[in-house]
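The two complexes that follow have chain A in common; it is paired with chain B in the first and with chain C in the second.
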Partner chain A sequence: MASLGLVLNFLVFPGLLFTAVIGLLTQWVDRKVSARVQWRVGPPWFQPFADILKLIGKEIIIPEGARRTGFLLAPMAGLAAVGVVSTVLWLANMGGDGFVGDLIGVIYLLTIPSLAIIIGASASSNPLASVGASREMKLVLAYELPFVIAIFTAVTKVSPMTLRLDGILDYQAANGVLLGNPSCIIAFIVVILCAQAKLTYTPFDIPEAETEIMDGTHIEYSGAALAVVKLSQAMMLFTLPVFFITLFWGGLVLTGWGILYTIVKYLIIITIIVLIKNTNPRVRIDQAVRFFWGPVTVLAIIGMVLAIVGL
Partner chain B sequence: MGATSWGFKKSLWVFHLNAGACNACDIEVLDCLCPRFDIERFGMKLVGSVKHADVLLVSGFVSRKVLPQVIETYEQAPKPVAVVALGSCGCTGGIFRDGYNFAGPVDKLIPVDAYIPGCPPRPEAIIDGIVKLMGKL
Partner chain C sequence: MPQILVPIIVPAIAGGLCLLIPRRVKGVREILTLAGLVWAFVASLQLFGAWPLSFTRDWVVLGDLTVQFDLILNHFSAFIIIFVTLFGLAVAVYSMSWLSKDHDGRRYYGLLSLTIAASTGAALSNSLLLLLIFWEALTAILFLFANLGRNEKAASEGAAKSFIMLGLSDAALFLAVALIWVRFGTLSMNELSIFVGDGATISIYILMMIGAITKAGAMPFHTWVPALGRGAPTPVMALLPASIDKLLGIYLLARLSLDIFSIGPGMQLLLMTIGAVTIVGAVLMALIQHDLKVLLSYHAVSQVGYMVLGIGTGVPIGIAGGLFHMLNNAIYKTCLFFGAGAIEKQAGTTEIGKLGGLARAMPLTFIGMAVASLAISGVPPFNGFVSKWMVYSGLVELGSRGMSSYWIFLVAAMFGSALTMASFVKVLYSGFLGQRPSEFARVREAPWPMTVPTLFLAALCIVFGVWAKFPIDRFINPIVHGSVATAASGALDASVGFWNPSLATGLIILGILVGLAIVAAGKLTTRRVGHVFIGGNKPPEPLDTMHVAGTGFYNTIKETKGLKGIFANAEERIFDVYEMGGRFGNVFVQGLRAAHNGVLSTYLTWAVIGLGAVVFALLSALLRQLVGGR
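Right after this comes the complex of A and B.
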């Protein structure tokens, strides 16, 4: 019975279906806020759902010379990974028991969608897609270092040190949210910047650069395969803020007025990400790498040192 | 009406193909995306790859030079796909219909679902044409 419950958790409630629905609604918030920033009206609320339904009904074209299995399976792997991350995070927030290496598992699984995109793009035998894949690879190498340092700042701040998500949540419930400390505020800023690159949003949408390499990494995807790619992006947009809330901002409270407070926290993070997206131009890949390995890593290390000192 | 065909109607992604147009139609297409006309209200957006497209917007008389590319682009688009001929040139050939280099108009080469005449068509006319296309799908 327990294993059946886990399967249901993965497929329906905190996992794939729930994450997909909320993720698509979040994508609507993203498009609507972008439209308002640009003084437009923006799409109706069901727009992302209509996009996905339409894509499912279309023909899937496999380009000549592409590796069929890699091309079609890679997006599925990305989708599954995001589903697992979402399940783990929600189960920890709903009072479930984690295991010792929760956080490390989450960090690994959050990298898989990018890897899946790289594999899928390389399998598609399109020159623009391989340019996109190589840029995505460099971007992963660039943002992963400050991202991990920032996350371990939170781990250092928690006493006794723990890698379990429920341990971190218990500490925050007892001693106030981690975001109240200077070191964690710095880590939070770093993490938001890395989220921008993880979601491939402007200013770090270099792998997808619409105006120069025409959607780069997913240029060759069409029909249901493209729907899977878009869906895993939407789910990522939902999962990352939930991860940050869990880690730095006291977790999701799912009773009474706490629900409203949770939604407000979530929308604040989404709005920050969308506003950064809408007010910045795209940078070049070398500028992005220099940015992440230079100022952002230094900032993350400062946060780490502050956390060790005890601030 | 099934869910996928409802989705198709509500979310038309447009791939814009310039088959020898003078750029006037193309600028009017960009006008449609701007705050005043905001075509994203209807769920439409311009996409960069023809593999993502639901609507092929062909502007310009089709010259002999681009004839193979127009047909190849149509074949690369995942079906179902709607084709819209934009501007006087796309609909009939316009002032180029007696030219030595004229291989069109568009509907002689690929099946066309909607015609938007005008030289260039105003953004209102383009939106009107696309909404009529939505009614037809």
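Right after this comes the complex of A and C.
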């Protein structure tokens, strides 16, 4: 029975279905806020759902010379990985122990969607997709360095040090949120910048760059396969803030007024991400690499050093 | 014949016979090699669990110095010989198709079996001197083996470089063994228990460590591996630097650091630094390589870093992770070299810039290489992730014990893992995905003796990842005395974290099925094949002109400020200890030079002959003892 419960957890709540629904709603928030920034009205709340449904109904065109299996299977692997991460995070917040893995598992599972999109784009045989794949991989390399340092800044602050999500949450429940420390504030800024790149949002939408390489990595996807790609992006938009809240901001509180507080925390992170997205131009990939390996990494190291000296 | 001798003597006899059989006789060598290796493998399996088992004969008696032929079977050596013989067998099967007519099959198969004999011998030795002899024999065999490459210049250059570097590290090992004899009066690994504290013991430990990590290929003694990769036959790369050298080098390092010596924080820090530098340094070099075999060679170096780092932590789970990584790396690296060999054989080149789109032509090789690439990149739920996770957990545990610099090693290891993934994205993209150049239109899948071992090893990558409990319980934990708690459900439990690979796999598969269901819910039936468009136009035919080669994938990284200079220097081999030694030694030997003809291979031949003579003398003494002992 326990395993059936897990399957339901994964498929319905808090796994795939729930994550997809909230993720799409968040995408609507993103689109609405972006629209307001640009003096437009913006779409109605159900627009992202309608888009997905419409896509599922369309035919799938597979490019000539593509590797079919890899091309179609890769987005599914990305979807699955985000689903697992979301389930792990939520169950940890709901008092379980995360049951699949710890922080390292989460970090590694979070790279699968990027890897999946790279493999899928490579398999599509379109040269622009190849360019996109190359950029996506470089982007992953760029943000992974400061991202890992920032995440382990939080681990260093927790005592005794642990990689278990429930351990980190327990520590915060007993000693106050990690975001109360200067070191973790710096780390939090770093992870938000990295999230921007992980979501391939402007200024780091370099692998997709619509005006330049026509959605690069996604260029050949169509129909239901594209729906899966879009869905995993939406789920990622939901999962990353939840991850950061869990790690730095005391986790999700799902009782009483806590629910409201949790939603506020979530919306604050989303708003920051959307505002950065709307107020910056796209940078080149070499600029992005230099940005992340230069100032952002230095910032992350400063945070880590502060954490070690006890701040 | 005692059972413990079978894994050594049977391949040795098979190898000797292969060398004796005239070149014209066909088919016998393959059968002989396979039979010998199967026998050795089965014997090794039977030996697993049969410890304690030992075999001792007086070998050489010179006055009061008695050298013993002293073998011992313990958990660790039993585990090593199983995999040594297994990889030997896989390579032997693979070679049946890989070897073409213009290869010297007689020497090839002879050396293959002898490699296995020397490796099992080294793993089973209890006497340090005996270990040294087998160790040296492996160096000599590797030299002869590497010379069989088809590109003679590259092959002999690589062979010479390897021989010199390994020979020097063997000399370091020899010096250490001599020092141990002088200071402690015994060479039996079981009896030695040395506390590393004063200058003498530190130097002995470092000398022996150099012997071990040079074999394994860690920085700064790694440069022989890529040099070998440029010319040596691909199955030889799969056999020696990819698997057996790792198993033996890390075996020795682990025996040194865990059993023979008790090392303090200083030595641990040294090991961890070597590990972290190796991971990042070698993978950065791998990122910019243009040849598949050289690229894989740099990864063979980089992966050693995780093993050394894990052992260096001194924390049980870290050590277990390092050892598990040794096994995992041997599996996927061999698989990757097999795949590279298949490409080389079928497409005629391993130049990354020329390859492309081979997945449809070679689906089985692609599947094998894709799985191995994901495993080496540490993608869950494959085996590479599990062992990396264990190493990381070990580092965090060190951190929780108050080592504040733990994060530097951790970040280096995790960032190295991302770089590895990038490097293999390039391999998969440029080899199998992307656009297929028209010259490869007729490429076919490799024959079964090449694909079956590749797929077998790929399957092991999955099995050891998803059911990691099995190899950890069976092989790793007893060596480190039960360090990783494994639950009945298959979950791995460390004090700082946990990982449940089978559950993660189940959920990922379920998620993929959901994705497929979404596609099925749409109009799956109306899938159709359409053209690729660029800017609204069909790209010019043939598609070759639009081929995006993988070689330029990471030029941005190469040109990044700060790294640019390092890469330029590294490509000119500024950091190569071999070249440094060469420049230094060049001045030194100018005087001696006049008396010699200056042809490197002449010297090496003499060195090999001399080594052969010593081994022959020792072996004949052993035989006399064996006959006399009966």
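We take it that the second predicted complex is superposed on the first by the 307 of 311 C-alpha atoms of A that agree within 3 Å, B and C clash if a C-alpha of one lies under 4 Å from a C-alpha of the other, contacts with A are read in each partner's own complex, and residues count from 1 in each chain.
Note that in this section a residue touches a chain if its C-beta (ideal position, glycine included) is under 8 Å from a C-beta of that chain, and two chains touch if they have at least 3 such contacts.
All values reported here derive from a predicted model rather than from experimental measurement.
Colleague: Please indicate which partner A:D286 is in contact with in the superposed arrangement: first for chain B, second for chain C, both, or neither.
Modeller: Only chain C; A:D286 stays clear of chain B.
Colleague: Which chain, chain B or chain C, ends up touching more residues of chain A in the combined arrangement?
Modeller: Touched residues of chain A are more numerous for C.
Colleague: Classify the contacts of A:Q172 with the two partner chains as first (chain B alone), second (chain C alone), both, or neither.
Modeller: Neither partner.
Colleague: Answer with first, second, both or neither: which of chain B and chain C does A:E210 touch in the superposed model?
Modeller: first
Colleague: First (chain B), second (chain C), both or neither: which does A:I56 touch?
Modeller: It touches chain B and chain C both.
Colleague: Output check: A:P43 vs chain B and chain C. Expected answer is one of first, second, both, neither. What do you get?
Modeller: First partner only.
Colleague: Once chain A of both complexes is superposed, is A:G223 in touch with chain B (first), chain C (second), both, or neither?
Modeller: Both chain B and chain C are touched by A:G223.
Colleague: Looking at the overlay, does A:A35 come into contact with chain B only (first), chain C only (second), both, or neither?
Modeller: Touch partner of A:A35: chain B, not chain C.
Colleague: Which chain A residues contact chain B in one complex and chain C in the other?
Modeller: Residues common to the chain A contacts of chain C and of chain B are 55-61, 214, 220, 223, listed in rising order.
Colleague: In the complex, go through chain C and note every residue touching chain A.
Modeller: Of all residues in chain C, those touching chain A are 357, 359-360, 377-380, 385, 389, 392-393, 396-397, 399-400, 404, 407, 410-411, 414-415, 418-419, 421-422, 425-426, 428-429, 432-436, 496-500, 503-504, 507-512, 514-516, 518-519, 521-524, 526-532, 534-535, 539, 543, 546-548, 552-554, 556-557, 559-561.
Colleague: Over in the complex, which chain B residues touch chain A? Could you list them?
Modeller: Residues of chain B touching chain A: 2-8, 10-11, 35, 38, 40-41, 43, 47-49, 51-52, 54, 76, 78-80.
Colleague: Provide the residue numbers of chain A that touch chain C in the complex, in ascending order.
Modeller: 6-7, 10-11, 16, 55-65, 67, 70, 72-73, 75-77, 79-81, 83-84, 87, 97, 99-105, 107-109, 111-112, 115, 118-119, 122-128, 130-131, 133-134, 137-138, 140-141, 144-145, 148-149, 152, 155-156, 159-164, 214, 220, 223-225, 227-228, 231, 285-286, 289-290, 293, 304, 308
Colleague: Along chain A, where are the residues that touch chain B in the complex?
Modeller: Touching chain B: residues 31, 35, 38-44, 46-47, 49-61, 210-211, 214-215, 219-223, 226 of chain A.
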